[in-house]
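The following pair of complexes shares a single chain, chain A, combined with chain B in the former and chain C in the latter.
Take a look at the complex of A and B:
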């Protein structure tokens, strides 16, 4: 048995192809991104080594910090919305018939292509014929906002469909975790006279804390690297009002062909994502094994 | 295994709830439940409503979109919107490309991920946990942090504007989540079958391809549908690596296409419905697998 199952040659054959792809298309490129970040480079022609100039420029680039601020704002709203999803999941997992159907319906937007969702919400927000303003006008609002064209509203108008899109995903995760709690625990608390909200806050929440942590990481990191809806709906506009880090990086690279500077942003994005993941896990590590 | 216990505890909950409900039948309970249902129902409406509205306006002409109530059905559904976008533009080409890339990448990803998962969970070697860790860290890497070097490398080796650049990128970026989905199932497989095969003198490839791989077909189905959804919906790689119209996928192709038709709501609606239809159909047929796959691919301790 051992001889067959620890055959070195076989192990290499089974692991190497996937490992090679992973190295070639993910790990080597992130190292290259850091390296290209130290170049002055238009994407074609020669790279000129300029050390940390791009990174120094990045620190002073107010447009970049504005986009970073928007990314963090999106992360903040996504994290806050988790509380709502948790609330819905607790109701779903406790009381209701037809749960399966409901949570499947909730999931649908997440399965559809972001760019199609983006085009759809462009239509929803259409100032004249979009359903939102039609409804508002029917309700008597004479001068409804122009949403995506309004610098004050554009970012928030995009955050709504992003939250809409991922709601079902988080509800699904919380629901599965809540269903994993042994029924005896809940029953015991009930016999002791605990109220439903006490059970939710003092028994269910602590028991699924690990899952909550994972979802916070997913929501924050997912927001920090968010791109699709913004690229299609406003491309960062109007006038940078909805620009986020990933869209800023993308237009620096593929619109302005400043590949060196865009690489520096890409590397910064990577570092932020890894640091935030590590940070959230460390911050919430104290009560690790609850089960 | 885990899922089964989830289901069982689910029915247990429902049973005890039923007892409670009949025991404490009161006005407060009825109105309480009514409110809960109303709330959950409203969430469902909010989630579904934009998609229903999309299907409605895909069957209208502009006049109906502008003048009728948004919720009204068109007098006669304008199916010609669909015929028009399918035949006039390159939508059919984009659709076919999406299908080709999606299927090729799914097959490649499943085969490679199964091999790795087999080696990590069934074979004995030092460093298997480390290798698994390296794959899992891949989950956290933003695609944007790799896209410039990938663009530059693909240009250098002549794979830019080539289907392979897209298929290989899909595969590499989906390997971690696919391995994550496969892992639990592989770990739960009994070792006896493999042991018996070794006794009978089977070699490792025979064990993997003829015994283990067929046993994992349920989880392969789950992983495949999740991969399919991701690949079908992917945008950034195609948008960056592909410039020829004849090689574009639905997600990228429809952007230009919609640009030409900005004022024709019916045509835009039809295009978007065609783009999301395969996923909606897959969802109707395989929703349980999708739910399972998303749960397995997102949370692991």
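Take a look at the complex of A and C:
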């Protein structure tokens, strides 16, 4: 093995396929997207170079910033919900009866395809014969809201299934991390008289801090570029009330055929994600010194 | 262990094998037609989801090939959305099929501007032009040249549930005030008057278009779109105002702005809502589709959108439009054969489509010669009396204006925008798009 690692040519041969694939499928298209963002282009026919006009327009586009605000809200709620997932995983990782079954129950949403989840929740939210409004009416609410049609509620009504959708994923990550903590440490703490909540907050949490950081980045970046449920459930409607950045980009590209502008949004979205990731890294790095 | 040089050679060999198999694959596809001329034809009626249409297409191709021994038609079939995406991809690499499907006006404009579609006026010259229903080929014309031959024609009547109307002793409304009375009676009896799924937005646009037509006459809206007029026209603002009044009267099912067309439609098919404004593509479901209970199918009728008192509109004016049409690629190597093929296709399609697939063709149908369910005959006869056909607004507009229009429709129905601001929003979008 050492012999192979010292041979530069061998290294190049082994690394090259993955490197070229990444280059061809990820990095070159990214640069291309930034470049298309400088074009006036319908997706068909001639591209016309217009410099940074698309980007300038984007900065002034109130609809874009509205959708960016929605993406931000989604990111905020996703991050807050991480605390809930962590809480559940701590319980699951403890020695509770029936944990195996519970773990599987939490995991099931993750196994469903996004479109299936969307269809499921569309049925739940149906204003006339959906289960949610049926229950509300049985409880005596005479005029339950039409969830996805109300511009004030639509976004929140979608955030709930999104949080539900990813519960299994994050619980699985936390569960695995918690299981990795050596039993002796917990044992020692217990002997020293630590209470269960002290063990959770002061021993388990710091020990899986790195995992928590990763999940925060995953949740925030995942939310910023989130698309699927929103596309199927409301298509960004009613009138943009649940539009997020990615769905706005989609409707610019594939409904209005403004590929130049959509490319600009796509590139800008990438920049936002990079900046946010960097920011979170920096913030959580500073926390390190506390522990 | 292998020697280093051997390893390199192995890698090269591997890459070459992959590359070569790739080449040979495409070669065999190319030589498929032997020495025949091959017309590549792409359509969107898979045997699974659109069986009758698919069968007719196969039959037409078989007849065409029998007539032209030297030509072979190579078919590729895709579902609607995939079809649209593939068109996009193929056109950017200049590899459109020789013959394919397109939609009218707004959709085809970029293809025509990009010089990808061939003008078909030479095909239309002679008898073919006259066999089309008036207003259908015009929807495929840009700058006085026709780039597509329409296959389908749809108009939008209001379907109604006869059983519900009978139960509450209601008559078919001829005027808008009678219509509002019907809505009121139904609502007071706890029946949802109108099924609507306005998440899809074009569904609500139909209501606005009809009101605009009945109040302002057949040309006001069309003129506003092509910039001979304006959306701030009094009658168009009045139409928007009437839409909001209808919503306030609780005429539509609950939560319509969050329901897709299919979800809204199911309220009508469940017998929970009494009326439903939709295109004639619903006719198969209401006549021959065995999945819909027979008792429901027998109890469905349709009426024309009522006239508005004091308005300029005629009750025989329809909102509608041609569905898909055929195009011939400008860069086709077999353009002459392709043009012959589309001509042949349109003629044969007109003879078979309504009887076999329930699709109303854009060519005129002689109702005495075909055997059809009554609802079809009624619609086809109405079509012969049509005084005007107004193309769906979102089809008339360019893609970005259509998006604005559809979003504004949704806010109008959701009471989020006042009729004046609704008009202004259209004006701004059109100004930005056309410069006028």
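We take it that the second predicted complex is superposed on the first by the 264 of 291 C-alpha atoms of A that agree within 3 Å, B and C clash if a C-alpha of one lies under 4 Å from a C-alpha of the other, contacts with A are read in each partner's own complex, and residues count from 1 in each chain.
To be clear about the criterion, a contact is a pair of C-beta atoms (placed from the backbone, for glycine too) under 8 Å apart; a residue touches a chain by one contact, two chains touch by 3 or more.
Quick caveat: nothing in here was measured; it's all calculated off a predicted structure.
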Overlay on chain A: chain C relative to chain B, clash or fit: clash
Partner chain(s) touched by A:60 [first = chain B, second = chain C, both, neither]: neither
Partner chain(s) touched by A:106 [first = chain B, second = chain C, both, neither]: first
Chain B versus chain C as contact partner of A:146, first or second or both or neither: second
Chain B versus chain C as contact partner of A:282, first or second or both or neither: neither
Per-residue contact with chain A, leading partner among chain C and chain B: B
Which of chain B and chain C A:43 touches, first, second, both or neither: both
Touched partner set for A:167, first chain B, second chain C, both or neither: first
Touching partner for A:127 - first (chain B), second (chain C), both, neither: second
Contacts of A:238 with chain B and chain C, given as first, second, both or neither: second
Segment of chain C that clashes with chain B, given the candidates 61-69, 79-87 or 349-357: 79-87
Contact residues of chain A, present in both the chain B and the chain C interface: 7, 10, 13, 43
Parts of chain A lying in touch with chain C, wherever the complex brings them together: 7, 9-10, 13, 42-46, 122, 125-128, 146-151, 154, 234-235, 237-240, 251, 255-258
Sites on chain C touched by chain A in the complex: 4, 7-8, 11, 88, 91-92, 110-111, 113-116, 198-199, 201, 253-259, 263, 267, 272, 399-400, 402-403, 407-408, 410-411, 414, 416
For the chain B and chain A complex, residues of the former touching the latter: 2, 5-6, 9-10, 12-14, 16-17, 33, 36-37, 39-40, 43-44, 46-48, 50-51, 53-54, 57, 65-66, 69-70, 112-113, 115-116, 118-120, 122-125, 131, 134-135, 138, 140-153, 168-169, 171-173, 175-176, 194-195, 198-199, 202-205, 207-208, 229, 232-233, 235-236, 240, 250-252, 254-255, 258, 265, 268-269, 272, 275-276, 279-280, 283, 287, 290-291, 294-295, 298-299, 301
Touch list for chain A against partner chain B, complex: 1-2, 4-8, 10-11, 13-15, 17-19, 21-22, 24-30, 32-33, 36, 43, 88, 91-97, 102-109, 111-116, 119-121, 123-124, 129, 131, 134-135, 164, 167-169, 172-173, 176-177, 179-183, 187, 210-211, 214-215, 218, 221, 224-225, 227-228, 231-232, 246, 249-250, 253-254, 259, 262-263, 266-267, 269-270, 273-274, 277
